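Notes to accompany the following structure.
The letters A, B, C, D, E and F name the chains in turn, as written, and every chain counts its residues from 1.
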Amino acid sequence: MMVRLADLDWKTYEARVAGGDAVILLPIGAIEQHGPHMSMNPDVLIPEAISEGVAGLLENGLVAHPISYGYKSQVKSGGGNFFPGTTCIDGKTLIDMIRDVIVAYARHGNRKFVLVNGHYENSMFIVEGIDLALERLRHDGINANVMLLSYWDYVNKDTIGKVFPDGFTGWDVEHGGVLETSLMLHLHPGLVNLDKAVDHEPATFPPYDIFPSDPSWVPASGTLSSARKATVESGKLLFDVCVEGIAESIKGQFS
Amino acid sequence: MMVRLADLDWKTYEARVAGGDAVILLPIGAIEQHGPHMSMNPDVLIPEAISEGVAGLLENGLVAHPISYGYKSQVKSGGGNFFPGTTCIDGKTLIDMIRDVIVAYARHGNRKFVLVNGHYENSMFIVEGIDLALERLRHDGINANVMLLSYWDYVNKDTIGKVFPDGFTGWDVEHGGVLETSLMLHLHPGLVNLDKAVDHEPATFPPYDIFPSDPSWVPASGTLSSARKATVESGKLLFDVCVEGIAESIKGQFS
Amino acid sequence: MMVRLADLDWKTYEARVAGGDAVILLPIGAIEQHGPHMSMNPDVLIPEAISEGVAGLLENGLVAHPISYGYKSQVKSGGGNFFPGTTCIDGKTLIDMIRDVIVAYARHGNRKFVLVNGHYENSMFIVEGIDLALERLRHDGINANVMLLSYWDYVNKDTIGKVFPDGFTGWDVEHGGVLETSLMLHLHPGLVNLDKAVDHEPATFPPYDIFPSDPSWVPASGTLSSARKATVESGKLLFDVCVEGIAESIKGQFS
Amino acid sequence: MMVRLADLDWKTYEARVAGGDAVILLPIGAIEQHGPHMSMNPDVLIPEAISEGVAGLLENGLVAHPISYGYKSQVKSGGGNFFPGTTCIDGKTLIDMIRDVIVAYARHGNRKFVLVNGHYENSMFIVEGIDLALERLRHDGINANVMLLSYWDYVNKDTIGKVFPDGFTGWDVEHGGVLETSLMLHLHPGLVNLDKAVDHEPATFPPYDIFPSDPSWVPASGTLSSARKATVESGKLLFDVCVEGIAESIKGQFS
Amino acid sequence: MMVRLADLDWKTYEARVAGGDAVILLPIGAIEQHGPHMSMNPDVLIPEAISEGVAGLLENGLVAHPISYGYKSQVKSGGGNFFPGTTCIDGKTLIDMIRDVIVAYARHGNRKFVLVNGHYENSMFIVEGIDLALERLRHDGINANVMLLSYWDYVNKDTIGKVFPDGFTGWDVEHGGVLETSLMLHLHPGLVNLDKAVDHEPATFPPYDIFPSDPSWVPASGTLSSARKATVESGKLLFDVCVEGIAESIKGQFS
Amino acid sequence: MMVRLADLDWKTYEARVAGGDAVILLPIGAIEQHGPHMSMNPDVLIPEAISEGVAGLLENGLVAHPISYGYKSQVKSGGGNFFPGTTCIDGKTLIDMIRDVIVAYARHGNRKFVLVNGHYENSMFIVEGIDLALERLRHDGINANVMLLSYWDYVNKDTIGKVFPDGFTGWDVEHGGVLETSLMLHLHPGLVNLDKAVDHEPATFPPYDIFPSDPSWVPASGTLSSARKATVESGKLLFDVCVEGIAESIKGQFS
């Protein structure tokens, strides 16, 4: 069964969402540098692929066209908003975009949403967008339910052990590192060139942030830890654990 | 040379945009019903493909990740914002999105933009987004130049004659009709099923609009004219005339 | 019967709108150069006069005080937003103004609105203002109906033939040309000085727009075609065909 | 010399504002009930007429098209926002409108503005609109100066003594009373019908406000004091004292 | 009984507001210079203290945490927004803050609000915040009632006579003068140093405002009249008359 | 030396901030339930006290009046926005408030800011407020530097070991637990009643969020872990480690 919502014609879509039981998965990402060894769209492509994987495990899952531009990259999580190619939008714009898109899909009769986030900095703006969407819908007499998740929260200890056999340096520095690079190797190998991955120690930061950002805080590569040990096998492991875990959550919550 | 901006790694992108002479093409579309015979993403996919075609003809063209959700479909141009699958955002949200994305790319040093619109209803909100972006940039001492175009304005009389040998019923009713369907047949044949195209007379409308919309004004198919006579050959003709014409305009304006 | 809403005292107005059957006509215009031969308010004065003419043909029509400042003039339709005297507001401001004014009149009990636009660039922002107004009213349990029209869409072929005996160069270049000038000669002859009208070929434009605008694209007069052949007789013809056509539409839609 | 800005053609206007020494007077009003004896537009018409009177006394004064829809009427100053015909806009909308219009006129080269307010409730939103306009202009390197006044602040004790020979009940209750009615009798006698003026004691209010408004606080007429003693002579006195005083202020401030 | 809302634990608060009969008093102030003899927080501290006094006289009054940053100080009422230490926010921000806070307390079940303003310039933005809050709540089916007052409106003639035995120069110039200073001497003597109070004539102003502000209009002290005659006894008198008057109003309105 | 900014008179403040070397500490909190054993203002009071402690260690530190209302409480970090007493504002409102307040203090000549956050959910909205403030200031030619920190990030392992001798259950569940309760016991013992603290296991949550929130996910107490083991000694330890660490960071960054 086709799961990419926008690839359906509207009559087919109408039939799929009738009854309000379809699960609409909305990937939300960012266009942002991920080191010299990888394209700038992993935050879009990974949640999109995971959403499609999840939808395949659901009775009636549909993957909406992703929201692709995300909130401003922060030094400690994405290297910062001063790298060429890191292309970010204002917080209010993201809030409104999330709100409008949920409202629009809900007006088609959908009541079950899963927002699959691929860019850490988006999280709170997505939360606000959901809150405003639910209020707007409520005023029209519509009650919808929205799950929000970041895919990496589904990577369990077991998988971590396999992906990082030499020890895990923590989620904080996973920007452009083994996690994302492995997933991209599995999903879009043509967008990764491991030869260009820079080997460096995981970044360390003081307990505060400074604005305007200080580029000297960030490794020159833009990655917060080295991607050198990324493998396609790790990518598959990570992909599978996320897809299965998320599908499980959705079934538990929405059935 | 690769033209999809977000598929580059940031170091490659940095090199490409150094000097400010790269041309950034930004496709802007919508997710909207286009009849029972076609997917709901032609307004994104067509300008994206055309942008890539154009970029291939430029010395240094880059196609930015598209802005995919567009302004509310209107009855007379897109069938209206009440069809299942037509997924639209508020005008202010689109204005802000356009503004933010231009500002972000300009902060990388880009000064030459071409916005390639694929959804009629977006036009004026894009204009406002550009105006606000240029003001914001100007306040930071940055002067950028932005071309805005809708690809269909590059279809000349000669091509019209070939695509509509029995006479052209006008741009007004081309929603989901021969033009878009032919282009999709050429670009994404898997997303079209001509057998489902409904044959009906071109829609006619009174000289005013009414809100809330009256669905009885619109053909039940959602298309404003029949797509039956769409062909892959017409799609290629249309694609080529747009790509060449746009590339010509850009060279004339930006070199 | 008086038709200018704001000229009524409130008790008279209250009586007129009781029952919700009054038709509220709201003229929407702009302050914008219209060539060296004419004042800068035709986009307000013409729809205001037409609205009053239409109201005179309805059982209970009332013309609201116009919304006078409009969206930014564009090169191809109004010469552009860089002429001295062209005085334009942001898109979001116009959206909000339209929304608020509709909501306010609806709270008096009115349910039938006709928005009469006199400035092309306003159109999509008016659409959005209406959409937001209807949502806001709906949340208060109020359902209103709004017709939106631009008066020039009521000029039929027959009238065109009479007004342009030497051939019509198209709506695109009618800014400050024969159409508006004739109407002003008929309605406000004191605000026109045909001797100052500049004779020039109709403007031609490339198929794209450029921002910031390029003043060299626009005739130095600010008009997009010559007004020399404007006459008071043409003005009366145009006025009558618009008034009668609009009144007809309203009766058809709202009775 | 013509003073109504929008009645000029743009070439004449351009010549008038060259050098930045023209004084742009911008009337700001409201559409609001003013009792059963008077039209609902005095808050627009009075400041407009006063502005034109003032402009006539200046070397180069121009009266801009008024901003006609104002902030929500309050019980103690305008009777409240629940009367039929009282047609008010949101505070943010008024702020933006003021900001945009000042910015637009300043971009024509104007640097001297006088905002003539005719609706008490507008005041603080105008202040904010001015502040935002000056910031926006400053960011473009433009420094403008804006005077803000409410015309009634120019009525001196001497005039009060003549207009209210039996004693003045205070500005607070002058809504639709002797002041505004006299001015309208002088300026627009056709919009006043003194026979319908209701005789009642001046309204008295507790020291607080309550929301939602309590209509029982307001005289049924909508006026806060009786207009019975309004005369055309008082109107002329009031008009003259305002016009002369304001012209004096402008000369003192701007020459 | 404790009256400071935020000092309660939530279970106690829940019990207090059950039934919707609690009166929520919300002090609203500003951080603003008040002369060289006094701290910059009287506009927060005075309404907060008065609210607590009032709450003590009510059956079930609760004082919410104050909204402390207020609208931009104006020359004629607070000396102007150019003094070091005068720390003001945009009008729209204050509107939104008022709206959000009322909505939040109403969602706990509260229906009776008293907004106690301590900064003149806030007034109209508070009005708009209330209006938007009531609309937002209404759309959720909640009807709340909001009283709005400025504490100084409760100072009666008798008290004025005692506080200003040599004659009252008017509310207009009371910024940082005898009224506020006496209240602060009574409430927070440690934040006043009368020795530093500057003796000067009450400020006088022209009948208009000018933007950007002209600092030469304002006494160098920042006060609009001298605080020299402030006393702790006057402070107590003023405090008591406000507290008692406001409590009376609330009982009359809300019981 | 006094450190509470708003307790200074403006002349003293002016002298303190002259030269732009003062460090402005701005506490940012929330009004939110913290269990049945504690008041609802720890998120304001703790960062305010820490800021004052830090300022005491700096050469010229000033603590601005706090921003007290914060972003919507989330289930996993603050129990959720449905508890009576949890009083939250929209994300856009918080963004604007942060922006305006920084801009205002910067216009006094301040260039060094430290934002001390006490409410986890605020973080990203503060980031955006800072970004918008810096842009607005930059457009006026002002360059300021802003440090942002959450005080708990200064609690080191050593302190954790002492405060949680039986093992640390993690920051995630510290809402209303030992950390905040100990700090409040140290700073405001009158606002804590440990007898009412509920003993329960630390909360556990699924890896996703659900909206509208599901109250059954949260312990009935509103705390995410038990506060029973809070002590005044732990409070002092925590306070000291934060104050000293933050002062150290500021000196390192700003001297």
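Quick note on the criterion: a residue touches a chain if its C-beta (ideal position, glycine included) is under 8 Å from a C-beta of that chain, and two chains touch if they have at least 3 such contacts.
Chain labels with UniProt names: A, B, C, D, E, F = Creatininase.
For clarity, every value in this text was computed on a predicted model and none was experimentally measured.
Student: What is the shortest path, in steps, from chain A to chain F when you may only step between chains that touch?
Tutor: So the least number of steps between the two chains is 1.
Student: Measuring centre to centre, with centres taken as mean CA positions, what chain is farthest from chain A?
Tutor: D
Student: Residue numbers at the chain E-chain F interface: does the shared fraction exceed half, giving same, or fall under half, giving different?
Tutor: Chain E vs chain F: same; shared/all numbers exceeds half.
Student: State, to the nearest whole Å, the distance from the C-alpha centre of chain A to the C-alpha centre of chain D.
Tutor: Computed value for the inter-centroid distance: 54 Å.
Student: Report the inter-chain centroid distance for chain D and chain E in whole angstrom, where each centroid is the mean of the CA atoms.
Tutor: For chain D versus chain E, the centre distance works out to 29 Å.
Student: Cα centroid separation between chain A and chain C, in whole Å?
Tutor: Going by mean C-alpha positions, chain A sits 47 Å from chain C.
Student: Listing for chain F: what residues touch at least two other chains?
Tutor: Expected reply: 90, 92, 139.
Student: Touch graph of the chains shown: is it line, ring, star, complete or other?
Tutor: other
Student: Determine which chains touch and list them pairwise.
Tutor: Applying the touch criterion to every chain pair yields A-B, A-C, A-E, A-F, B-C, B-D, B-F, C-D, C-E, D-E, D-F, E-F.
Student: So in the complex, the part of chain A that touches chain B is made up of which residues?
Tutor: 5-11, 13-14, 17, 31, 33-41, 44, 64-69, 83-90, 92-93, 96-97, 99-101, 104-105, 108-109, 191, 193, 196, 222
Student: With touch defined as at the start, can you tell me which chain D residues reach chain F in the complex?
Tutor: Touching chain F from chain D are residues 135, 138-139.
Student: Spell out the part of chain A that touches chain C in their complex, as residue ranges.
Tutor: For chain A paired with chain C, touching residues are 139-140.
Student: Which bits of chain D are touching chain E when the two form their complex?
Tutor: 71-72, 74, 90-92, 95, 121, 123-125, 127-128, 130-132, 134, 145-149, 153-154, 206-212, 245-246, 249, 252-253
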